[in-house]
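You will see subunit A twice below: alongside subunit B first, and alongside subunit C after that.
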Partner chain A sequence: MKKSAIVCRCEDITEEEVLKAIEEGYTDLEELRKKLRIGMGPCQGRVCVQIVIKILEKKTGKKVSKISIPTSRPPIIPVPLGTLASDKDEK
Partner chain B sequence: MLLRIKKHPIIDFKDSERISFYFNDTKLHGFKGDSIASALHAAGIKKLTTSLKYDRPRGFFCGIGKCSSCLMKVNKVPNVRTCIAPLNNGIRVETQEKLADWPDVEFKSKSKETANVDILVVGAGPAGLCASLEAAGQGASVLLVDENQTVGGQLVKQTHKFFGSKQEKAGTRGIQIAIDLENDLKKFEQNGKIKVMMDSTAIGYYEGDKEKQHKFAVVKREVYENTLYEVNCRAAIFACGAMENMLLFPGNDLPGVYGAGAVQTLMNVFGVKPGKKVIMVGAGNVGLIVSYQLLQAGIEVDRVVEAMPQIGGYHVHAAKLRRCGVPILTSHSIKEVYGNGKVEGAVIVKLDNNWQPVKGSEEKINCDTICLAVGLTPSTRFLYQVGAEMEFIPEAGGYVALHDDSMHTTIKGIYVAGDSSGIEEASTAMIEGKIAGLSAAISLGYKKKGDSSLKKQHMGELDRLRAGPFGEKPRIGKHKISKLLGKRHV
Partner chain C sequence: MKSKTDVVIIGGGVTGCSLAYMLAKKGIDVVVAEKNYLSSGATGACGAGIRQQWSTKENTELAIKSIKIFESLSTKLGQDIELRQGGYLIAVHDAKEMRQAEKNVNMQRSLGLKVDILDSDEINDVVPVLDVKGMAAVGATFCPTDGHANPFKTTFAYANAARKKGAEIYTHTKVTDIKTINKKISAVKTGKGIIKTNTVVNAAGVWSKKIAEMVDIKLPNVPFRKEILATERLKPMFEAMVISFKDGIYFSQQEEGHIVGGIPIPREKKGYKTMPTFSFIQHMSKTLTRYVPQLKHINMLRHWTGFYDVTPDARPILGEIKELKGFIQCNGFSGHGFMLSPIVSQILSDFITDGKTSKILESLNVNRFKGKKIDHEMYVVG
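Then we have the complex of A and B:
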């Protein structure tokens, strides 16, 4: 692997991969997420989103306020399915 | 044992109960109060997991349960965040290769519980603690939820004295403020007004009847057995803090590259040295203070590099470092970090007026730790879920929920306080927490004589704290937030 900075630690996405995708025309966070799985790992974008916003701003000239943030859904941390499925207390 | 701090000028690391555990079949030991990751780190194990595509070694970056680079298998349960999971006797910790295996374990989740309260407070740091205390003081019932083992948030690692005026606890160390607040909290726990759930995470928002009630799911972890709580509340205060910013350079994911908060957690909470020789990136207050704390813990700080042409933090802190012989290089940055499986050194480079590296100025430095103190981003994922209107405010550190001067967002009954509402100091976080707690309680009908003058007093304190030159950024940020809010809701 060529020396490249890691943008998304969870899904192992490098700066190069992000730049390439932008050049291919994926020019907002939602598109990049669908193309590269950025922000879809266990940290849910806590590390990478602010980095990708900066790259997008620099590469596309878009105003940050025009770059919309991916949707946040529950659960926001990894939770065992057994926990989510636990039933009502039958007392 | 080389990595345990023996002598410290401020903290007395008493010997606590020895705990043995297994790491991939090797018997190791740590101490009661350790997190799994801190015990591993003290044993010299920094690589906790392997990356998904490129098989790169990974260790934790944030140390506070946010970056998820510390996921391991504990007693066969995969994906445990070992940086905040407590170390218990006899547990088996294993590295999980990339994706976790099919778990060979019966998940012992208990029955779902329901909790009905007036106010849910998410985060027991300075803002959340003050919000809970203030709301309970008005008579509201409060459920306080936090992911850590102890309350205090980032205060528990602030060994330095706070600035500001007496009223705002100036001259007191952060660790002492945490103890004071915890004592206040105990009084309300005894009279049942505040229920505290530690080692617990609010994991999702489920629309109740938004006008009258909000519904949240909270998971409480108890020695690797979870309980799911359905929390119904009339108001919620988000005091979730912030996430340390990452920088882009080759090698930025090597074990040994830490956020400043992670370094503080290791040495000031767990008494574990992050490494032997550190390069600090960032000469704002966090970078300067943590560098000095590293020296206090007996760790060598090779130098501080700062991309800006000037030092960002207080000059008192910078002068202290210089007196200890630590050079602070402005207009310098990290070009690359290298090492086989862990940090072994870094290349630093001078920057020109256009932030471009000056050719030929590269310098190779041997070190085992890189500490990043390059700003924070507010933790706001939950506020998105709730549906609060968000805006990008650079002075606040990124996207924040628009809020009025009562800390109320655009969703009825949803409040925000502290770094989640815009990056600032712990002292301002405490006051914002008070305002949020007081406002939420009043809105639910818990009124007392003198409420409005108390609120005014809090707001006055905020103004005073933001009055100095270092308060300029948050002042601008907060002004933009209220301006945008006004524009949208005329």
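Then we have the complex of A and C:
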């Protein structure tokens, strides 16, 4: 991977930015994500989180525990507010 | 892990981290124990709005002082907390609400705050995208120096600055018990070892009640689940946070372009369950698109839950418990703890280092709930 490779496409975060944040001490997967907004894009991290875990593990030499891998939050695919606001099943 | 320290703070949210910074700066030996990661509690779920327009004088005063601190915080901590002061626009829906708003604005102005009362036709000058008819507003109040910051960056900035001053912050370290000798704090037991200390700060957010139970102290706090959602990114449309006490809604556009907001959940229950609900999404989408019709075609991206740690008067519980020396409360923020964190940590650090107390600290002690009349804060949303 080149240094400037994009890790999180949705939020436009590069590998270099991830490495820099790890060097600054953000070695906890969740803190790293929150600092960089990784995984908060439309795909909810399905593209990037596994890559970030690999970078983190390589850089720190520590395994990221399975339990701390973030869950994706609903909705699984983006839905327009107008659809969500529709009255169909409520009086 | 250290075996001994001056102060143990339980909870690595924005308040725990800011207090750690204030204490470390004064040369106090301080440890933070956080059971997950920093900002994993309410802090990481919050809207991070900062508002000075309150209905009680005490909250208004505290918030004004907090904003002053926030304004220079990025420089002081050496990291950008992304403070944006786009103002808060509070919708007013009828004559009765307007009378209350006028009363509040007079009180706020007497404290030196710049705040305006807007007619319904002035609302769009501040937030052009609002449908004034749809939101059924007869007017609004607007304070241009209100705003919001990034809750993660604020917490991390405090934590990093605290570490530089010598504070030790242990994440993934759960406090399991608190030891006392002769009605004084003596030690804190964690999953990673015991730390001797004479002072414990209970900044565990919605879990503070459980921490207090470890030493047989009952706190009146109740957890209330709150939901919040974010849309996809949009080009900049407005800068103010829009809120309505009647509809309970609040929303703003974040720096990155997402619109983030919440509303009380219909048929909401007390308790610690975190499952998001569809009834929230529906209620929020309906109200939000009534306020801003052009959002109908915008996608909702994410939806999450957090907790308000609510007290009987919606004001925080601060200071030492009279029956247990060294046990200090810093909780019960009832949905506005982010904005109060700078001033609260200043007040508590003065108390912990010099025993310095103040009228405001006394008025927020938990013993206020013992048989006295309660001055309830009315201006709570979400």
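In this section, the second predicted complex is superposed on the first by the 81 of 91 C-alpha atoms of A that agree within 3 Å, B and C clash if a C-alpha of one lies under 4 Å from a C-alpha of the other, contacts with A are read in each partner's own complex, and residues count from 1 in each chain.
The definition used in the following text is that contacts are C-beta pairs under 8 Å (C-beta built on N, C-alpha and C of every residue); 3 or more make two chains touch, one makes a residue touch a chain.
None of these values were measured; they are calculated from a predicted model.
On the superposed subunit A, the two partners subunit B and subunit C both fit, without a clash.
Touched residues of subunit A, counted separately for subunit B and subunit C, are more numerous for B. After overlaying the two complexes on the shared chain, residue contacts for A:34 are found with subunit C alone; subunit B is out of touch.
In the overlay built on the shared chain, the residue A:82 is in contact with subunit B and with subunit C.
With the two structures brought together on chain A, the opening angle seen from the C-alpha centre of subunit A toward subunit B and subunit C is 140°, to the nearest 10. In the superposition on chain A, contact of A:25 is made with subunit C only, not with subunit B.
Superposition on the common chain A brings subunit B within a closest Cα-Cα distance of 5 Å of subunit C.
Shared contact residues of subunit A, touching subunit B in one structure and subunit C in the other: 41-42, 44, 73-75, 78-82, 84-85, 90. Residues 51-54, 56, 58, 61-62, 65-69, 71, 77, 79, 81, 103, 107-114, 201-206, 217, 219, 226-228, 243, 245-246, 248-253, 336, 377, 379, 381-382, 384-385, 390-392, 394, 398-399 of subunit B touch subunit A in their complex. Residue ranges of subunit A in contact with subunit C, taken from their complex: 24-26, 28, 30-31, 34-35, 37, 40-42, 44, 73-75, 78-82, 84-85, 90. Put simply, subunit A touches subunit B in their complex at residues 1, 3-7, 9-12, 15, 41-48, 50-51, 53, 64-65, 67, 69, 71-90. The touching residues of subunit C, when paired with subunit A in their complex, are 36-40, 44, 152-153, 156, 160, 171, 230-232, 256, 276, 281-282, 285-286, 288-289, 295-304.
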